[in-house]
Amino acid sequence: MTGKEIEKLLKEIKEGTRTIEEAMEVLRTFPYTDLGFARIDHHREIRTGYPEIVYCAGKTNEQVREIFRVMIEKENNIMGTRANQEMYEAVKSISSEAVWFHEARIISVQKKKPEKPGGRIAVITAGTSDIPVAEEAAITAELLGNNVLRIYDAGVAGIHRLVDKLPDIRNCRVIIVIAGMEGALASVVGGLVDKPVIAVPTSVGYGASFGGISALLAMLTSCSSGVTVVNIDNGFGAGFSASMINRM
Amino acid sequence: MTGKEIEKLLKEIKEGTRTIEEAMEVLRTFPYTDLGFARIDHHREIRTGYPEIVYCAGKTNEQVREIFRVMIEKENNIMGTRANQEMYEAVKSISSEAVWFHEARIISVQKKKPEKPGGRIAVITAGTSDIPVAEEAAITAELLGNNVLRIYDAGVAGIHRLVDKLPDIRNCRVIIVIAGMEGALASVVGGLVDKPVIAVPTSVGYGASFGGISALLAMLTSCSSGVTVVNIDNGFGAGFSASMINRM
Amino acid sequence: MTGKEIEKLLKEIKEGTRTIEEAMEVLRTFPYTDLGFARIDHHREIRTGYPEIVYCAGKTNEQVREIFRVMIEKENNIMGTRANQEMYEAVKSISSEAVWFHEARIISVQKKKPEKPGGRIAVITAGTSDIPVAEEAAITAELLGNNVLRIYDAGVAGIHRLVDKLPDIRNCRVIIVIAGMEGALASVVGGLVDKPVIAVPTSVGYGASFGGISALLAMLTSCSSGVTVVNIDNGFGAGFSASMINRM
Amino acid sequence: MTGKEIEKLLKEIKEGTRTIEEAMEVLRTFPYTDLGFARIDHHREIRTGYPEIVYCAGKTNEQVREIFRVMIEKENNIMGTRANQEMYEAVKSISSEAVWFHEARIISVQKKKPEKPGGRIAVITAGTSDIPVAEEAAITAELLGNNVLRIYDAGVAGIHRLVDKLPDIRNCRVIIVIAGMEGALASVVGGLVDKPVIAVPTSVGYGASFGGISALLAMLTSCSSGVTVVNIDNGFGAGFSASMINRM
Amino acid sequence: MTGKEIEKLLKEIKEGTRTIEEAMEVLRTFPYTDLGFARIDHHREIRTGYPEIVYCAGKTNEQVREIFRVMIEKENNIMGTRANQEMYEAVKSISSEAVWFHEARIISVQKKKPEKPGGRIAVITAGTSDIPVAEEAAITAELLGNNVLRIYDAGVAGIHRLVDKLPDIRNCRVIIVIAGMEGALASVVGGLVDKPVIAVPTSVGYGASFGGISALLAMLTSCSSGVTVVNIDNGFGAGFSASMINRM
Amino acid sequence: MTGKEIEKLLKEIKEGTRTIEEAMEVLRTFPYTDLGFARIDHHREIRTGYPEIVYCAGKTNEQVREIFRVMIEKENNIMGTRANQEMYEAVKSISSEAVWFHEARIISVQKKKPEKPGGRIAVITAGTSDIPVAEEAAITAELLGNNVLRIYDAGVAGIHRLVDKLPDIRNCRVIIVIAGMEGALASVVGGLVDKPVIAVPTSVGYGASFGGISALLAMLTSCSSGVTVVNIDNGFGAGFSASMINRM
Amino acid sequence: MTGKEIEKLLKEIKEGTRTIEEAMEVLRTFPYTDLGFARIDHHREIRTGYPEIVYCAGKTNEQVREIFRVMIEKENNIMGTRANQEMYEAVKSISSEAVWFHEARIISVQKKKPEKPGGRIAVITAGTSDIPVAEEAAITAELLGNNVLRIYDAGVAGIHRLVDKLPDIRNCRVIIVIAGMEGALASVVGGLVDKPVIAVPTSVGYGASFGGISALLAMLTSCSSGVTVVNIDNGFGAGFSASMINRM
Amino acid sequence: MTGKEIEKLLKEIKEGTRTIEEAMEVLRTFPYTDLGFARIDHHREIRTGYPEIVYCAGKTNEQVREIFRVMIEKENNIMGTRANQEMYEAVKSISSEAVWFHEARIISVQKKKPEKPGGRIAVITAGTSDIPVAEEAAITAELLGNNVLRIYDAGVAGIHRLVDKLPDIRNCRVIIVIAGMEGALASVVGGLVDKPVIAVPTSVGYGASFGGISALLAMLTSCSSGVTVVNIDNGFGAGFSASMINRM
């Protein structure tokens, strides 16, 4: 039930072509969805270039292609995460505008340029194996319109590589820190920089890194203020939240 | 080594009272601390009214009192978290300005009013047992200068209580969601509101809530975009991060 | 916004005392709560004697008393779970009808007798230490109007005690099985009886029972069909679900 | 020892061809099995069309085929769960009536139509990746004679999709909610609908979803009353329990 | 239904005062319990001096006393485990024969001396903190009639203390090994002695001993053949199983 | 240092060709190994037909073949566990006596028949997927000379299949119970049979069976006395321990 | 069997008062202990002032006092860890030399001064709550003769406090790093200093620090080379290992 | 900023070509990295033959080759861990000096021979499956210049194999103990040898060894003093730490 339908319903009451009892029954049955939804949609419309997001993992190539087709028809920007190359090719077959970010595993179709917020988002990784997750975060942030500063392989075992870049990092408005194993980088960055830090544990590593649990726990228990955490390997979530904050 | 000391050192080189070799040795030995530290301090000074933060748990009453004494002498604002009433009384004995927030377990001494950012922070709890953690978040945010909207006992088992307040929540710039047990409230709020959500799992509950683990995992795996998570019961961390974001 | 308020709003439109635009704004702002809530309330009203439920743990005696006061004024039945004797006395001080179920930790104020469904609910425990959880389940079921068959201390180490009672158990419509330690009783009952079984793991036991985790896992992985599980020690949840099923 | 054998034994006592002592010895040795088993069988016979159930995982194709062959000869309905296509083809080779439900991984041979209970079972999923588990639940319920309402991809991140369908869901007698990741959907449905909810955590997701543990814990600690839980990915168990309840 | 009742039933058939149909109905209804139970009871009777066992933890002093009273009246031996001194005094008040084993937390009332098997059971602990669990095992084994060799504080950090006693240990028929922390003693004994080893992890220790989990896992994964394991702190279970084996 | 070498050393002292100081040095340096080892070997020699055991997993085919070659030359019986068919073929290529037990994953070379103890060992499984572990236990027990009673697929969901076989089970001297999922069978058998029960959790199952953890915990917390537990899937360990007990 | 007894035995052989067979039997029976033990004792004797160590937790005051009494009579140094003040007073009552280290929970009786190794051990903590564990490490190292550099409250959230002290830390031969919560300090120190680092996780903290598990995992998965880890809160173990290394 | 650049900066101040303010700004901006880094580099330079270490897992063959190329050009020794054969071949293609250690998964390019410390490092494994981890430790230690004593397959189930080698082990300066399953070997070695023991849990084993967790916990809770622990399967870390200690 769209805003238009509600307006029509109220008009019908006013015009007497519908009884109050009938109207109440209709309102009771669809009380929330469309009102609320419409408002969200409206918000999205005025934020030019903000993409719809499709989580592709666990979907068939056909399902991904059809979801993209519907959205492309609405002239929306679209971004498919956790995609693979076959999914990209399925989308490419219906839209020559589809772009494939291999490391980030993202398919993008961009109909309108998103607004650019002024600030910049830093994406820092502890190691080179964290780069795919970092690229998911960075590409997400970029597709949402943000400028991104990438600093990769700056883990605490060689802390000088991080300190080198501190002035640049301090000029960003939000910091995404991505690390596996002991995840100490989030605490170190949080202790050195006075900006919101979004920490992403990664599943890289072996033994007692337990697929990212050690990094996750370390980030959650960080003694540095201003650090919040997202799910293991959730580069998208970090990029999305960072973008929300950077746009404020 | 303070900024002044470095300046003195450089002058001595210029004046020839110190050789370059001696200076290099000095710089090598204290390369980072004071330079970096001074800069952070400087930043803090220009942000009027920003408090020093003392984590009181695990300290003796005497230790807490002495830390407060030193800071009070510097005319800084101070905020002691995870404190108890005895600690408060120890601080009160040296400063009549000390204020005690019982539920939040916070001691505050405020020398200067913090700057007020324009936006507001919502603090929402699922149940009444989550209120102490919520108060820690809310008082932290308020002592850092923010306006706070408190919405308590709005869990998903009675989702209408949340929906009632949606328009107010949507007017806030950051949302803190605090919930124990299954922690579903973070996902629900994240799905309804287009603002950064900081989720705080709480250790309330019994059985398979495992002291907050269930809520923590649920919040980390939230399907709603824009949700980041802090440690179990970490109301302070949520309030601090929310303040950082609200000030942007 | 109650059903009455909506009706009034629609009348105002019809009567021209309110514009469609104004009405849409009102509907947008309170879209869901009261509509949905009112309907739930209505359902509750026609089910005579169905109690309001208050989870008392983590509330102060005063909070519990005030919640009971408000509900007693509405002439509702009320049931407070996870209560303690002091809470009961606080309630007793405002209502002579308050009843205290010590083992079940339940306070009840019953204004109207609930309807009695025809069938019976069996509550079976493996050991004597499981009885408090069992009583929570049994009293809950009884306060919701059900007849309850209690069979306590019938664990699989002495399976003949269970088999003795099989004919009675088979005459019940729903079976609640309550066990700690290895929780095998749920599987055994599930294999012998062709009725819905609700299994409640308990935190009694020591060592590798890990506060109920062993029983919980055993019940979740039961090879017997028709077994569903609730939280550790959640006698209330089992009694509530069993009542829902028995009333069908 | 079948009912017939017992009858024969008692006759022999009556006719004096067997002493009481001999009879007692026989009864002592086979006290339970066949009596109990026979009764269960009898119950099953009068419930026309109720299938025998075979858990196929971990069995060879030959084992599956032979189990089906024996049952088909007894003119029973049969349902094989957790099967794969090769198993289906093995069964198909001996029975042209074999039907293959690909997504649900179920093989069915139906000799008689099951009785239809009046009510309907809702099967709701949070995401599209939950559909295979949902189909296992739905096909199980249907093969047991129930009508099923499927509502897929209605997770809390887009809660309006769920609210849209609430009136239909409220008309069902039992609700199965299937969700991975944070599993919040079970709590939300449990808070909105006054019917027994059977929650099925799924192993879809990544990172801190830990193969379904997060969803499992969230469902067990649901604050909504009336929610019971089955094993991770146990669509069959949910469908079976829902059918038991719907038939009451 | 006791053996006598069955005999009576069969007589009634023989005498024609009951029809075969009636008898079958009776047998169907109580098929298993008493027949099976009677046989177990009978076995117990002929094993002179074998005690009834009562798990006292989680029972009230009154419950413990009443259970003992009933059994004492039957002239059975009785053994109450996980008891406390108050429970002992309650039992003492009704039976002057009650004996209290403080470290083992066992109450014993012995009416007849148990038969003595020939062999001996060794009870070995790694440390002194393991002694209460060891005493529970040793007293259990002794009350069941066995001779026990106690070797305490012989952990692998001082392996010579163990090797000293090897000849005595090798002369025992069953070995109980009790250890907390890393539980390595079970593997070492299992590698040196060619007898069944029953390993009991204890909850003593701190940090990563996690209340006995480390010892439990170490014992379960012992590379020494012939080691089986019981629950953390389950001295009784080890003593009981060892006695079963020693009597063979 | 073999027994012979010690004897020689002592002779040299007696004959004066070696000083006491020299002898003490030698004894100090090789104090334990060979003395202890020799004794164990000696024990093994007098137990005719007792096999050497080789854990094959994690070894190369060549390593397995060479270990067998050395032992075959010593005319020992040998038994290789956790082997695969290629390993068997490598052994077969050097010994035509090699026998392959496919389900049990055991290679056997038997030079002498082991002594037969009088009693019998029961091996009972809950399901058909537990059979490979059961065969590992059964073949181990048989190669160690025991008679084995196999009862497969007798889980508690169909408890009559177990009760049917109770008289046979009660005639065995040791019972091995093998079960995955909730592992309840161990408790049920332990409650019905007055013999040592060795419980083997298996990793079959899905979801909350967590690769055998649920069964393991359930078996460790069994309320039935006389149950001890071995590692998940450790059929060999159960067969070996059962054989030790049966030989007593 | 002491070295003297062996010498006597060998003499008896030489003198013909004992046969070789008798001697072999004696050697077989006590093969290892005293020889090996004597050697260890001997080593200890020549290392002047090395203390015997008594783990006091879980012992009674009387047991602690008696163990000290025996050792004091042998003129050994003694060190009791995890002691409490009552234990200290029990020891004090028999030895006026007893010294009590309150924070470290250590009782010391020192008869001879230990040798001093040249190097120094650094003991660094992240926070003030880690100090008791740090003192256990530091006092242990000191009682074993080492010089200790204490640097407390130098966590990564204020990394400048650490960097200040780097030159001193780099002059130590072994570094002990003690931290709770996220334990990142071990990685940071390991990355900055080219010396063996022994990391001690502590159980301080709350929520997802899980009693030290997070710090433990972070330290185990440290990306900095040269970091090894001891048990949670095991200050003694770290001090002891550091001393071993420092003495090399 | 290298040492040279700092020197140049200071000269410019002295020469008046740069103001003190400018210099301070430069020092502020690059305060730490190069100063600290230079010193580390310098240390490394004077330790002839000490290799750079590259963790190869998670890098592409090209990345590995390029990192080696850069380092080879600097005439450094290089050691790549967790490499595979393809990576080796990529390195081989640019450097004929590359050596491949298959079991250890290490690529080495050695330009200068490392200094040899006097002592020796023992590497002991419990089983044959632990050998790859042991080789990683041993080759690491050797490439860092140490002599290594390998003792493989000496687990506690056959403790005589270990005791045989004790005199050799006691002559080493550091002991690395590598074991999976119950990991008891670390405690046994720690109890017998008075040297620093570095314990490496391995992920070999099955069931309750949980990928090395059991061994890890057992090693952390070892009752033997002087045992420290590294990550599961972290042979490199153990070899590196042992080398650090051996060089002291």
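A, B, C, D, E, F, G and H are the chain letters, set down in written order, and residue numbers restart from 1 in every chain.
Operating definition for what follows: contacts are C-beta pairs under 8 Å (C-beta built on N, C-alpha and C of every residue); 3 or more make two chains touch, one makes a residue touch a chain.
On a predicted model such as this, the values are computed, not experimentally measured, just so you know.
Engineer: When you check each chain against subunit E and subunit F, which touch both of them?
Structural biologist: C, D, G, H
Engineer: Among the chains here, which has the CA centroid at the largest distance from subunit A's centroid?
Structural biologist: E
Engineer: Express in whole angstrom the distance between the two chain centres, defined as the mean CA positions of subunit C and subunit G.
Structural biologist: 55
Engineer: In whole angstrom, what separates the CA-based centres of subunit C and subunit F?
Structural biologist: The answer is 50 Å.
Engineer: Just the number, please: Cα centre separation of subunit C and subunit D in whole Å.
Structural biologist: 25
Engineer: Need the CA-centroid distance for the pair subunit A / subunit D, whole Å please.
Structural biologist: So the centroids are 39 Å from each other.
Engineer: Which positions in subunit H are in touch with at least two other chains?
Structural biologist: Correct list: 31-32, 36, 127, 163, 192, 207-209, 216, 220-221, 225, 231-232.
Engineer: Got a list of which chains touch which?
Structural biologist: After working through each pair, the chains in contact turn out to be A-B, A-C, A-D, A-G, A-H, B-C, B-D, B-G, B-H, C-D, C-E, C-F, D-E, D-F, E-F, E-G, E-H, F-G, F-H, G-H.
Engineer: For the complex, give me every residue of subunit B touching subunit H.
Structural biologist: Those in contact with subunit H are residues 3, 6-7, 10-11, 13-14, 16, 20, 23-24, 27-28, 31-32, 35-36, 39.
Engineer: Contact residues on subunit D for subunit C in the complex?
Structural biologist: These residues of subunit D touch subunit C: 32, 36, 40, 43, 53, 119, 163, 166, 173, 192, 194-196, 198, 216, 220-221, 225-232, 236-238, 240-241, 244-245, 248.
Engineer: Quick check: in the complex, which residue numbers of subunit G touch subunit B?
Structural biologist: For subunit G paired with subunit B, touching residues are 127-129, 160-161, 163-164, 167, 204, 206-209.
Engineer: Please output the residues of subunit E touching subunit H within their complex, sorted ascending.
Structural biologist: 126-127, 155-159, 181-184, 187-188, 190-192, 205, 207-210, 213-215, 217-225
Engineer: What does subunit B use to touch subunit G in their complex?
Structural biologist: 29-34, 36-37, 40, 55, 57-59, 63, 201, 203, 212, 216, 231-234
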